[in-house]
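Okay, so here's the structure we're looking at.
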Amino acid sequence: MEQSNTTPREARRRAWPMEKHRVEDWIGKIYTSICVVFLIAVIISIVYFVTSKGVATFAVNGVSLKEFFLGTNWNPQADTPSFGALPFITGSFMVTLLAALIASPLSISAALFMTEIVPSFGKRILQPAIELLSGIPSVVYGFIGLSVIVPFLREHVGGQGIGIGAGALVLSIMILPTITSVAADALASLPRGLREASYALGATRWQTIYRVVLPTVMPALLTGIVLGMARAFGEALAVQMVIGNSPHIPTSLLESASTLTSVITLGMGNTAMGSIQNNALWSMALVLMLMTFVFVLIIRLLERRNRL
Amino acid sequence: ACGSNTGTTGSGSTTGTTGEASTGTELSGSVLAVGSTALQPLVDQVAQKFMADSKYANISVQVQGGGSGTGLTQVSEGQANIGNSDVFAEEKLDADKAKELVDHQVAVVAIATVANEAAGVTNLTKQQLIDIFTGKVKNWKDVGGKDQAIVIVNRPSSSGTRATYEKFALGQKVEDLAGSIQEDSSGTVKKLVTETPGAIGYLALSYLDDSLKAIQYDGVDANVENVESGKYPVWAYEHMYTKGEPDAATKALLDYMLTDEVQNSDVKDLGYISISGMQVKRDVDGKITK
Amino acid sequence: MSTVKVNHKARKRAKVTDKVATVLIVTFAMAIVAILLGLLGFILFRGLGHISWSFLTTVPQTMRAGGGIGPQLFNSLFLLFLTMLITVPLGLGAGIYMSEYAKPGKLTNFIRLVVEVLSSFPSIVIGLFGLLLIVNTFNLGFSLLSGALALTIFNLPLMVRITEQAFAGVPKEQKEAGLALGLSKWKIITSIMLPVAIPSLITGTILASGRVFGEAAALLFTAGMSTPPLDFSNWNPLSPRSPINPLRPAETLAVYIWKVNSEGIAPDATQIAAGASAVLVIMVLIFNLLARFLGRTLYRYMTALRRMS
Amino acid sequence: MALPFSTEDLSIYYGEYQAVKNISMSFPAQSVTALIGPSGCGKSTFLRSLNRMNDEIAGSRTTGHIWMDGVDLTASSTDVIKLRQRIGMVWQRPNPFFKSIYENIAFGPRYYGTKNRKQLDEIVESSLRKAALWDEVKDRLKESALSLSGGQQQRLCIARALSVTPQILLLDEPASALDPVSTGKVEELISELKDELRIVIVTHNMQQAARVSNYTAYFYLGKLMEHGETDTIFTNPTQQSTQDYIMGRFG
Amino acid sequence: MALPFSTEDLSIYYGEYQAVKNISMSFPAQSVTALIGPSGCGKSTFLRSLNRMNDEIAGSRTTGHIWMDGVDLTASSTDVIKLRQRIGMVWQRPNPFFKSIYENIAFGPRYYGTKNRKQLDEIVESSLRKAALWDEVKDRLKESALSLSGGQQQRLCIARALSVTPQILLLDEPASALDPVSTGKVEELISELKDELRIVIVTHNMQQAARVSNYTAYFYLGKLMEHGETDTIFTNPTQQSTQDYIMGRFG
């Protein structure tokens, strides 16, 4: 349709931009919407799938909720099997809390170091270092846990080396980067004027940090910690290698114990799909998923407080 | 043997259709074997040899781990051609599902009790083992060893190795005791028993070396001759299940597994015991026949 | 005017506290550096000795010593490539939607929630989901493609977040300038914002690659734990022996480390695990350096004074 | 080309807050209208609404009408993209694209369908000439726009706005971040351009308003307090508040 | 209390870039000195250096001297924390702590060791009174400082600066983000405070400088171009550039 310079062509030239941008915006909207729909479809199918399998233990196999959540005896292979998952739930919470307890002061210090104390060095050395830490695969962490942390604990602290303590140590290193980066972001985004105002009053650096900076970013710090905890809660391979996997609530940090993830990793491949033993593992995956939701909701609440 | 063609529709597994004519030379197709991690190295190695054989050049074999439970589920649901398992299908699956599966026993694996040096024992009786694994005895000195606390290193309760050990060494199921360690893999069990003072565990013979010695069971050494002759009872078959009769390509692989060439070299090299050398047989219920 | 009385004792105490706190913070921060150096040192010290050209290129051995990690290394890289091939367009699209199209409201909030939940999901659960849905229901078998799809689920939220942040980082004025010129939104996104966002997109993507590269739990049940004998002269993607056949199973480096650690019976299993771990960490290190370098170069290229048209 | 351009009863809200209150005013052709008033009085908001840029701000809402050539621009059926091609805009801080000088100017015309290289070259040259920037950059068209000084960048942005031949140009404090020399150049440019198109300029600098504009509108707390010929407003304002502001008593 | 306060040959660098060039000037007691000049000429930088707040900016470097009571404040031995208690500062944008109104004021005194609740209450009240804010907030001292309006927040910041009884107060465009009424209040406040302390104020508003200051210093490109009594500078500047700037020819 190569026409010479006549009115129709002029008209088309006038009309074309409109057409073109409409088409473009269409393409953009459709393409991005498809991506988002895919994202939502994935999560919905995972949720549906885990829920339907996880609920089967109770609906199909008739295990009582009370036994599952409050029972302390886990023995699915026995002739009269029992499905008390409390030891795993306790174990998961214990390693998670401990890991957060160890990692938080370290991470927040690192973030303060990067933003308040030596920003140049922090940005150039510490931040890349921490990012690198987050890139180390969990199998490698497990390997290190088993070859360094476990023997160390066994020889210098006592017990079998294996246990909640070793698991928490491994996890705490794994969640360092998460907490640090959230905390550093929060600190960096504080209005500059706040610190200046405090310094201008003659407050020392620590007074500024402790009384002005930290209280202001507290919700964001908690967000980072909860985010780290969510990661610790869901980590499987590394924990499973060092925690010992005994299905009992341990009496000491140096005694073999289990987490939800470790028992899933241990049992999933060795049980047949659809069997009660297998379904019980899916119920634990369901608990894991619900906990993920809880963590995210807590983060949401914290963020809302942060915005005020 | 390939006429029935039951089951085996599914992932990555077109059946050996051209083999229907079964001249044996024109075989093609792909075989997926999934399951036991204990059996995986053997099947893997044999499969590679199998595929390198010009006769079977058009057959491609995939071997996956995932555990005995996964293997049995996958084969029973038609997702895999072969389900590798350390245990009889009846022990994992519902009876009616297990009935559909055909058992192919390809090797025997023997399991030995192992203990850390600090234990100071070389022989344990069945009763002593029961006492240890049920937590009645907590110190090695009570079973003739040194004054050293016992640390149990178990396999997880769903493990085939553990099921075999409980059935034939202890004669009963035991619970996971508080403070006992459960490890998913033989490698980790070996590492922990070697390193942890007073630890006791059990391993397939193939994992034993100078760093870790087997303990006698009721005075019997855990070794190949004793297993073959039936003197040492802690052993089990390695199974390769098919759903119904195998298709041509799968059958070719299963037959290949049982050739002397495989049984006398790969099976032995990898620390299993050849099925052909066994002087005793055992059924699902553990009944022994000569 | 009454002046505030300066309590000199309190001031002195404040100063001492300040010093102590500073020392503590610095110590903790240095502890992290020490941990990192310790980790790296340990992994490299144990593993470097075992790394050689033949280790990197030959096939593994089950029984004998001297096995390599050639196929695993290739699988890891190829799987990463496949994953990124799927993740990047999807993540980019969803991220752009979130940052440019989504109106704040219930739906957007819900999507953010979804992204967050998905990104803190235990990867083992995603692996199992992959086994049932991708491997079995979609009939893709234990294959590179299954693995890539599982990793996509695992990586997508991260990619969405990276995209969102990269676009949020583009100065608002750029967008306004485009709007005022009468450009369509999509044109502004692709021609004005994307070039500015690309450096941080690249950096973020490469860092995410590091995570994908080291993932094992999600792959045990999807990409599988074995590799068929590969024929590196066969590049027909449909042939079962071809290294680039997306429907073949593939054991990655991380999965192999896990397997060797747990079940390895070769006499040099420990050294192989150590060597492979070192390779894995070195790869992650390379990714990091590459991300930094590319990010910086691209940033210079996009904004630098010497930029050519 | 003297199509009428005016607002009628225009109000703009941010959520509940009404930033611009029922403003009716018209912008005569071939003239510069200056909007003045203290910080936060709604000048920028009003200006941005004229080419519907305010639509992009989440939570903003407009009532009333903007008439151009007899068409109501606030109608939802208006093709805003086409509209914005006809009404150009320049901000306080120069915002060149992160591209070469040439690309900054050629981008718009190319998008509107001019693919011919020679034509593009012509547009680039004439736009830059109009913005009094040609001589300074003609040898470095391939360099990044960011390599220019602030004042040059601002003139580049004006050239970019001119490249798609708008009929109206909106300027939001275009000189307030510039040095004296650049300020002078931009003011000169405005005076020249007004022969070709209508200009609306927001400024904080009373002297600047007095120098460049023909009409001045004084905004206070979202309301249009006074509007008229610049000379009248500056010498003889009717409102006390206008006088206070002009005299620098606040703001 | 009329201790001398002056700078001598003060230069400030950001990396290689010299933002403030060899400035020597003194600040007479009981008076307000206004710093004026176009954007980017170094006013804020100079002001911030007077209480060593510029130390907090990585990469900044100072040469020359600041004399206070015969002591060189730029000496590394100076206790900057004590120094800052004596020289207060307020910025353009109000920056209250994310705390209650009461806590904002009590923060400083408490850190100087005043723990006694009654004394603190007194300081809070007197500081707020001086900042002409007491009546507006006395019933809501426990509320968040962020709930105040912009103008109130700014006066709160002034009250906070006063709470530690400084001898010198530095103000960086304290009213430029405020509405006319608040601006008036802040200017009034400045006039009242100058009887008690020395004030240095940066402003963009010439009329404001004329209204509140006794002395004016005109900065241009980092240099002190002219410094003298405000009346003289505004009516009879010696430099052309000063006159241009004051007359609004640029900036």
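Letters A, B, C, D and E mark the chains in the order given here, with residues in each chain numbered from 1 onward.
We take it that a contact is a pair of C-beta atoms (placed from the backbone, for glycine too) under 8 Å apart; a residue touches a chain by one contact, two chains touch by 3 or more.
What you are looking at is a predicted structure, and each value in this text was computed from that prediction instead of being measured.
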How short can a path of touching chains from chain B to chain E be, counted in steps?
2
Chain whose average C-alpha position is farthest from chain D's own
B
Using C-alpha centres only, name the chain that sits farthest from chain E.
B
Could you please state the distance in Å, as a whole number, between where the Cα atoms of chain A are centred and where those of chain C are centred?
15
I'd like the Å distance between the centres of chain A and chain D, where a centre is the mean of that chain's Cα atoms.
49
Centroid distance [mean C-alpha coordinates] between chain D and chain C, Å:
46
If you look at chain A, which of its residues touch at least two other chains?
17, 20-21, 146, 204, 207, 241, 265, 268-269, 273
Where in chain C do residues touch at least two different other chains?
14-15, 182-184, 187, 220-221, 261
Each of the following residues of chain B touches two or more other chains, namely 37, 65-66, 70, 77, 184, 188
Mind pulling up the chain C residues that touch chain E in the complex?
1-11, 14-15
Under the definition above, what is the set of chain C residues touching chain A in their complex?
14-15, 17-18, 21-22, 24-29, 31-33, 35-36, 39-40, 42-43, 89-94, 96-98, 100-102, 111, 113-118, 120-126, 128-129, 132-133, 153, 156-157, 160, 182-187, 189-190, 207, 210-211, 213-217, 220-221, 254, 257-258, 261, 273, 277, 280-281, 284-285, 287-288, 292
Residue set of chain B touching chain C in the complex reads 10-13, 30, 32, 34, 37-38, 40-41, 44-45, 48, 51-52, 60-66, 70, 74, 77, 79, 184-188, 206-207, 209, 269-271
Quick one: which bits of chain A touch chain B in the complex? Just the residue numbers, please.
74-79, 146, 151, 154, 160-162, 240-241, 244-248, 250-251, 255-256, 258, 265-275, 277-278
Chain A contacts chain E in the complex at 119-120, 191, 193-204, 207, 211-212, 215-216
